[in-house]
């Protein structure tokens, strides 16, 4: 839009900020009631925020959350709920780790190795989400149900494959099982940060690029337009020449491909192999982050940072004798109150807009009271 | 579109004509035929566990929380509110049962579990009914919030309780389990003979009369009671009308908000009960105990076409595969053959209905499963647990036909805004 | 029975005093006063958006007035919900059907007022329904699923619902909109029957001849207030219409013929099967030439929707051939057809025509996302789309403060104008117009007709489907009647009357000929 | 906790000046009160605290977290002045490998893993297979049906060590006995350690198939196994600590034949004591039968009659006459 409407900006900020404040207040009350000091909690979090290591870890977490959120958001744009990002990234990380660690990769140039690993992960992610898409377009099976099932099936498949008889390494004496380690040439170097022992993920830039591409595709391309149109009204989209089935397939595939990336920063920047303790559950965090960021590329980045920070303060809270479980409550409250706040703001905006239309058309009586009829 | 989201079948055409009720004998005949096939496979594969009383018993125990979750989903969706927050509400139920159960006995646990589920239901109702938030989004939020809250509370209350820990409650005592003495043993004797069909029926019956928890009995009553309330009472009619045509209901003086609230709260109560049953039957509240059962319950509800009988069947099927998978892989191996046969039956049915492509897909899959059975001795242990999920996908993908979603499910409703 | 106050005239069945109702941005009713005599048929007329439905919803307790009050049978009342109104003996049949398809007729009827205590007494309900159905000759089977009923039957179920609740005052909001003339006659027969039983009827319609034939009193509304109360004996339908709009009426008409001999759309032997496998279109053939408008008359549900969908590529035909300017497009996609120059004004604009939660310029892109000026290549040309939206807003007189507002903020008529403007852009060769002026007020109607006429003069071929027979007759160069999925008659619009069309549409004509 | 010493979890007691050590403990998922592995470690810590009056701080892992977060946990302890740090669980191997070199003055213990080596790390490992071997012998000797069962919580190499040892023990005592094996879940689904319902179903399946004794190496799910045994009048074998004496299992203690004890508490206590006394030694410290790191419990008296046989097997293992493999 040509003009920046201050009201729109204000309203856009009101919801998340209001929800955050509400969640913080709620948690403070919970802490106080259960005999903890909210002040200590704040101190602990402030202290954490000033520690370079927490900073790095938060950003690194955020990078993964962001990728997961984008994957979720692609579907959300057309009201398609890819709950299966979790299974998709785990399977993708596992298989691409096996590929990256395979001995024949050793001879290849580094860039090619990394590119192949990432491409493999995207393919696997897309293939796994493709199942859900296929079931939906051919058989009308809700993707909510099928992706939930596929998540569980992915778990079993990964444990089947992560076995010395198959893709994992024979590693006697270790209590962990993992794929062959990825050699230096297959790794993505991190960015050192002063005062922190861990580096920022090099694939931070990949996440940023994904964000830019996401923004561009959705707001500037025909595909993005059709995705949005389908989300707003499937019937109108069909009448306008959009093939909804094709949109379902493409958005699921794209979502799965991005989901495949979720495990890459960790795999290529820190773990260098897929093992039993590879982080899980990021797909579900992605859903929360996408909701919080309203599928907006910048909004999701901020939300991912918030989530990353919150999840990396648990150690500090623990040290200060604040139950870190409060973080879980806080996150739940944030999401619940933010969606309610968005809804309230949306209603307010619609009414305000209609009032504007009415005023422009001279149909409103001059001094009608601010009737709010909802 | 949200309306169709949770629906199992969305693009499939509406069910053809035959909408009238199918007679009870038909269902009985289908059940009988299924039992015959199962017992044939049991005999052929020598997998006695396929129809043993123990399996039935375990299946029943596993099915109860799923059935409660499915019932919860049905109540909510019949009133037009999609509820994927079932999982979270179940988590609250498990905690409630743990909290009250270890202090005041299992029935107090049941009540508390129910009450905590209700809190989850109220949250969902406030968000979706009062504030018109997208139902799926609200459900996701509840699924985030509930485990966080349960964990926080469990750390608070259980850490210092004897036998408890930060993530688990002290042990809970079980409710009474009933066994019909003479019958149970008699059937056991017959079952042990491994006669074709006869022993299978005996096993089935024995499972139903041995060590049956009062909670299971309660669950059966709740399923039947829900059917009665929703389909035989004015209350039920009004509630269902809110899921089919809320504006029409409103125009006849039905307070749609009230019924939606009641339905979602009932949904919370059933989820809470499901959670409580889970905690009590496993003797403890534990963090992560629900393990996605809320979602499976939802799948069972769709499988059951939003009807009590159907969802009970769905829940039992999941419970059965789950029980088999846990009890031993020999029976799961036989399950491959069973699955193969079932798929071939589906193929024939779809072929007769004219769905050629579907029929061939089913046939090929069926043949592959059968082949897998004949070419192997057992299913790799890592894959055994996947059985319930694979079966669900196959059922939804290949067999689900006449699913009828409540028409207004998932749609926002506001009073006085009907066009 | 209406209560008789001590002596003299019976109290009016309903009186409305100074009713005012505001919606954000709109004053739907302002200071409305109406008196409805007991035992009469009272008609309420007015343009779209004049506030008729709102007023009736207030009377029925579905909405609460900001100011004013209501009396029923002389007693002041306050309705907080339809339940209150039902208790006071008021029933309403809404402008749009209020039925749950997946419930039975019985369930729909008794909903909210079920016989029996804890348990629903289905037997008692069935008996009551049969009684009422027989008493007024409604012919209703209580155990059918509503899903299986046609419009006429649904209408009767709606009336039965109201009677079942013992209503003494019936509100009928545009009950005839979806009925064919014969069904309208039946309905009016029912209404007279009800009146003779002492019931009071409030009746809303846009069809002024109907109003004149059935009403005892008429109230005219304009811009949210009552502007006149007249007796049908004293006015003509023309005068009534002018009261409604405050100016003289436009008439749909095509001046000189512009029909060429260049075929644009040629359909041969088109057949379509419905979702349930039944044949809904059977062996349809026709040709539309450049500069020609082909009108299709028919009762809703006789295959028009499927014909349009088949032509647009939304539904696959099971047989036959569709040619656009000589090219076979039978199996091409909707997008391809749109790119080939097919414009489409869908019958349900909210479902198919606009994205309510998107801005006007995004709505301009809809359906044109592959063509200039909305897009270039795979990219959306935002600047081009915005500029062209400005043009449409100007040329088609879309009343809006800007092109950035969401479509939901516009009134229905203005949304429709935007759609027409969009579908006319990019020089279409064929326009498929389904009820292009439905729910649009007379001013906008005239503008839309004018745009169609102008494009026709520039060799546009038009397929026009409308329930408004005057519009069909006035705007078409040729007319076909569709009945049960077949073309059953062709008429010359220059000579045919609405009555003739009506009987052809219901099949009465065929039977006579036999 | 198991010892119910009234200790404040996570609370730092006021050090009474003894020595200058402050102990930081990083638990695996489940933490204090898991009635299992972590609890055992906690008991050791409680004992040390009670005896030496030292300052302690306990933190624990969250499900699904990354190595970086584990590393942060260790570093926060180190930076917080805790100079004696115990990492409980093999999941801390990689994180500790990164942390230890940066804090050469701090003494670390890593339980259950040799994957991180440094001259300030003591690797505490246990010969679970040896302890499991002995309870396997007990199971075989006590079984009347010649069928025994093994229920593992999650199918990981660590739990496989229990299985392998158990099977070897059974076969050693009765070569013709059959061992049925079931894992409740597959990683990364770790709910198998906390789902008693699953344990019960699996155990019931075994009992129905004629098994009469089941060894539950399944953490918290073990209670389900015992519940099934109790209902069916069969026997169960506990794991990690002497489960006969666990308050949470009081209801079912009478069917607990024995338990394979893994004395994490002893190891933790020993390590703490050594650190306090300045006797820390880096490198692997194997807690096997010989060292008293593993063994079997006799509470309840159900194996008193076969004690002699068990002792002779124990003797053979400690003497090296029997070698128990730890992998399949």
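Every chain is named by a letter (A, B, C and D) in the order it is written, and numbering of its residues begins at 1.
Keep in mind that, in the parts below, a residue touches a chain if its C-beta (ideal position, glycine included) is under 8 Å from a C-beta of that chain, and two chains touch if they have at least 3 such contacts.
If you're wondering where the values come from, they're calculated on a predicted model, not measured in any experiment.
S.K.: Is the number of contacting C-beta pairs greater for A-B or for A-D?
M.R.: When the contacts at A-B and A-D are counted, A-B has more.
S.K.: Where the centres are mean C-alpha positions, what is the separation of chain C from chain D, in Å?
M.R.: 75
S.K.: Can you check how far apart chain A and chain B are, centre to centre, with Cα atoms defining each centre and the answer in Å?
M.R.: 30
S.K.: Distance-wise, how many Å sit between the C-alpha centres of chain B and chain D, to the nearest whole number?
M.R.: Distance between chain centres: 36 Å.
S.K.: Scan chain B for residues touching two or more other chains and write them down.
M.R.: 382, 385, 416
S.K.: Residues of chain A touching 2+ other chains?
M.R.: Residues 155-156, 159-160, 373 of chain A each touch two or more of the other chains.
S.K.: Could you pull out the residues of chain C that touch at least 2 other chains?
M.R.: Within chain C, no residue contacts more than one other chain.
S.K.: I'd like to see which chains touch which, written out pair by pair.
M.R.: Touching chain pairs, listed by label, come out as A-B, A-C, A-D, B-C, B-D.
S.K.: Considering the complex alone, what residue numbers of chain C touch chain A?
M.R.: 22-27, 30, 66, 312, 314, 333-339, 344, 346, 351-359, 362, 365-367, 369-370, 375, 378-380, 382, 386, 399-401, 404-406, 408-410
S.K.: Write out the stretch or stretches of chain A touching chain C in their complex.
M.R.: 1-2, 219-226, 228-229, 232-233, 235-243, 350-361, 363-365, 368, 371, 373
S.K.: In the complex, go through chain B and note every residue touching chain D.
M.R.: Touching chain D: residues 49, 52, 54-55, 57-58, 61-62, 158-160, 162-168, 170-171, 173-174, 211, 278, 281-284, 286-289, 291, 322-323, 326-328, 381-382, 385 of chain B.
S.K.: Inside the complex, what are the residues of chain A that reach chain B?
M.R.: For chain A paired with chain B, touching residues are 30, 34, 79, 81, 135-137, 139-142, 144-146, 148-150, 152-153, 155-157, 159-160, 163, 231, 234, 245, 284, 287-288, 291, 323, 325-333, 335-336, 339-340, 343-344, 347, 373-374.
S.K.: Per the contact definition, I'd like the list of chain A residues that touch chain D in the complex.
M.R.: Within the complex, chain A touches chain D at residues 53-54, 56-57, 60-61, 90, 155-156, 158-160, 162, 172-177, 197-198, 266, 270-271, 276-282, 311-312, 314-316, 318-319, 321, 324.
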